[in-house]
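Both complexes shown next keep subunit A, but they swap its partner, so subunit B is in the first and subunit C is in the second.
Coming up: the complex of A and B.
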């Protein structure tokens, strides 16, 4: 492995193509950390946005007018405002209103860090889209199936959990995957509040080494591969979950 | 919508819905948003003598922020125009008969679609020169122009996919009928296929515009002085008072909401109108 890494140092000396995240151990660790942070942030947001989507879609079917209205207000507000401004609003406006706690060094630090706020804000953003996606899937489940379940004595929650949702899930999978891929791309916004993800670490490296071009091209390729792998996996999953004769 | 079939398996069930977006009207959001913006500032109402209330400060800065917002709109419209033109060519390249053109435009489309918007913006910002030397004439290449170019890259890729999808969605009978009437491929495309596609492309295209408008704030990260940058500067010049943060960021949210929500509503209406039944 070291031989390959050293080769890139030679490459830099010979040609001037500087890829310090390969031959320099410190920069390599930074880049790997950034990559892992991107993955971690994506997974956390993925998880919570799907939870928000499922719950929101369930609340939208509620009998109370105001529950539906509040969920709709949430969707429209988060869909029609820039995610970056939402992120700033959460991090700066709401973050400063929360109480501060004492950290290990005796100083004052906010109760939630930038990673947590990025996760919260992006989950809410992607969740707003997921609610609509899940709702469209639930509407595609025929009324007669739900009626049959009611006749068999299922409760409202059981019907949603065991009958409507599994069927709806297969219908919405393409739209859901689309949104989740978008979410992974949106995690770059966390750069703005200094979450050490891939873009942020790449920025640190090019600030230290003045190799903007190489880092930029590497970054584009890295995201291209990351998202490409995700899209490929999602497409396979879609094919595996497909209901024959529908959609 | 009424479907005629003897196999009623998993058909879209149409609920009797009086309003498409379920009960919430546009004006309902206004009191909620105002509460969200000014609620926190009321909590800090005990400001001392000589200090303007958050609302008054916001009103002072509002004209400047509005100017910044208009600049955002200019960026969005220019990037959309540029992206649409290049994207349409790329999309037609994707259905070209020449394999090299087809796979080339496919790759370009996928590449720019899979890259995050912010990374593309950084790409345009840092790798384009700040001035172009054209026959000894130095043409400056300002930040905002680079931002427009950077934002039009993902737009281009998305428009390309929209065009390809719309052409693919037309029944192949259209092509065959045109061929039998001795239209050339160019004529078929220009006179028969594309006019039918416009209707199908309009809703996703408007969606894309809305997304682009919301992405223009990304330009603040790379230092274009649009509404988000100006907000940050306004907050700094007011001495970074914490009670100002919520009203200011809330105001920016509101600006974008007021602009994008009608577009979203109109898109839904168009989708309903153009929906093909049966």
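Coming up: the complex of A and C.
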């Protein structure tokens, strides 16, 4: 392994192509940490945004006027404002209003750190889109199917969980796929509130080494591969869920 | 037909690229033709370059830039830059000259042209709550320390003293995060921190450590602009000789720094 790493140092000396995150141990650890943070943040946000989408779409069909209004208000607020502004809002506005706790170094710090705020704000952002995506799927389920279930004595929750949602899921997958891909890319915004994800670490490295071009190319490829893995997984899932003769 | 179009487009691209390179050959000509000197300065670094209430960029470095424009007999236009983009702005020709609190380092001299002698100097220190009682750099080990993206001392502070750097885009975010308690300290240039500790709003904070990495600042022009660089060298010598730097420090409320005094002695 070290031989390969050393080769990149020679490459730099010979050609000027500088990839310090391969031959410099410190930079390499930074880049690996950044990569893992991006994956961690993406997974957390993917999970919660889908949960928000499913729950939100269910609440949209609620019999209570105010529940529907709140869900719609949430969608308008988070879908119609830029995610970067939301991040700053959560981190600098809400974050400083929350109570503080004693920290390890003898000071007072806010309860939630930058990673937590990034996860919350990006989940809400993508979640707002997911609610609408799931609604589109639910509305695509024929009314007669739901009526048939009602006639069989299913409760409202049972119909949503066992009939509407599973059918809707197949319809929404392409749109959901799109939104989740977008979400993974949007995690780069978290660098604005100093979450040490890939873009953030790359920025530190190119600031120290003045190798902007190389880092940009690397970043582009890294995200291409990362999103490619997600898309591959989603496509497999889509195929696995396929019902012959439906959709 | 389409092919012909392509050829026309390609030709015009090549021609404009050639025109671009000849225009780059002597930026002094371009500045005089344009009638404006475009200077990259900091807009968040009191008192070296910051915004006044009406939104104009003012401070020591904008004043220095104005001197250059006066010498050339043109107007001056300020472009706010930050540490992580200032060298790219110069490379891309978005600015003619950069006076933006940049530490002069050998690897930067490969990217931009830094004329000698240096015009200023500062070191690295931290801004921290007095109640934390930090006394040495090793006290930062394992603690989150706010910083600015693109500052060269981020790496040193985490590598040598074990601090976990939390770097933000601009100083406003870093100061805000420090106040909110997201970091134990803010690592930055001592010259800026001194100005902050004099601010009543930051009365609970101090600059407790020994300044490290005292390093000179360089102003810069694009690579290959030798005439402009030569002119700037003469200008900097003149600034030191006439005591212009000392005068500006006094004007903007900074105590005269040892570097500025020594340079004045040397060239007077």
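We take it that the second predicted complex is superposed on the first by the 245 of 247 C-alpha atoms of A that agree within 3 Å, B and C clash if a C-alpha of one lies under 4 Å from a C-alpha of the other, contacts with A are read in each partner's own complex, and residues count from 1 in each chain.
Quick note on the criterion: contacts are C-beta pairs under 8 Å (C-beta built on N, C-alpha and C of every residue); 3 or more make two chains touch, one makes a residue touch a chain.
Not measured: the values here are computed from a predicted model.
When the two complexes are overlaid on their common chain A, residue A:80 makes contact with subunit B while staying clear of subunit C. Of the two partner chains placed by the overlay, only subunit C lies in contact with A:207; subunit B stays clear of it. In the overlay built on the shared chain, the residue A:234 is in contact with neither subunit B nor subunit C. In the superposed model, A:175 makes contact with neither subunit B nor subunit C. When the two structures are aligned on the shared chain, A:139 is found in touch with subunit B, with no touch to subunit C. Put simply, more of the residues of subunit A are touched by B, taking subunit B and subunit C as the two choices. Of the two partner chains, both subunit B and subunit C are touched by A:192.
When both complexes are overlaid on chain A, the residue A:96 reaches subunit B and subunit C alike. In the superposed model, A:11 makes contact with neither subunit B nor subunit C. Comparing which residues of subunit A touch subunit B with which touch subunit C, the overlap comprises 92, 96, 192, 212. Contact residues on subunit A toward subunit B in their complex (touch as defined above): 60, 65, 68-69, 72-73, 76-77, 79-86, 88-89, 92-94, 96-97, 139-144, 167, 171, 185-189, 191-192, 199, 212-213, 216, 219-220, 223-224, 227-228, 231, 243, 245-246. Per the touch definition, subunit C reaches subunit A in the complex via residues 83-84, 87-88, 107-108, 110-111, 129, 131-132, 142-143, 146, 149-152, 154-155, 159, 165-169, 173, 176-177, 179-182, 184.
Note for the complex: subunit A touches subunit C at residues 26, 92, 95-96, 100, 103-110, 113-114, 192-194, 200, 203-204, 207-210, 212. Taken together, the subunit B residues at the contact with subunit A in this complex read 8-13, 15, 21-24, 28-29, 32-33, 40, 43, 110-111, 114-120, 122-123, 126-127, 210, 214-218, 220-221, 228, 242, 245-246, 249-250, 252-253, 256-257, 260-261, 264.
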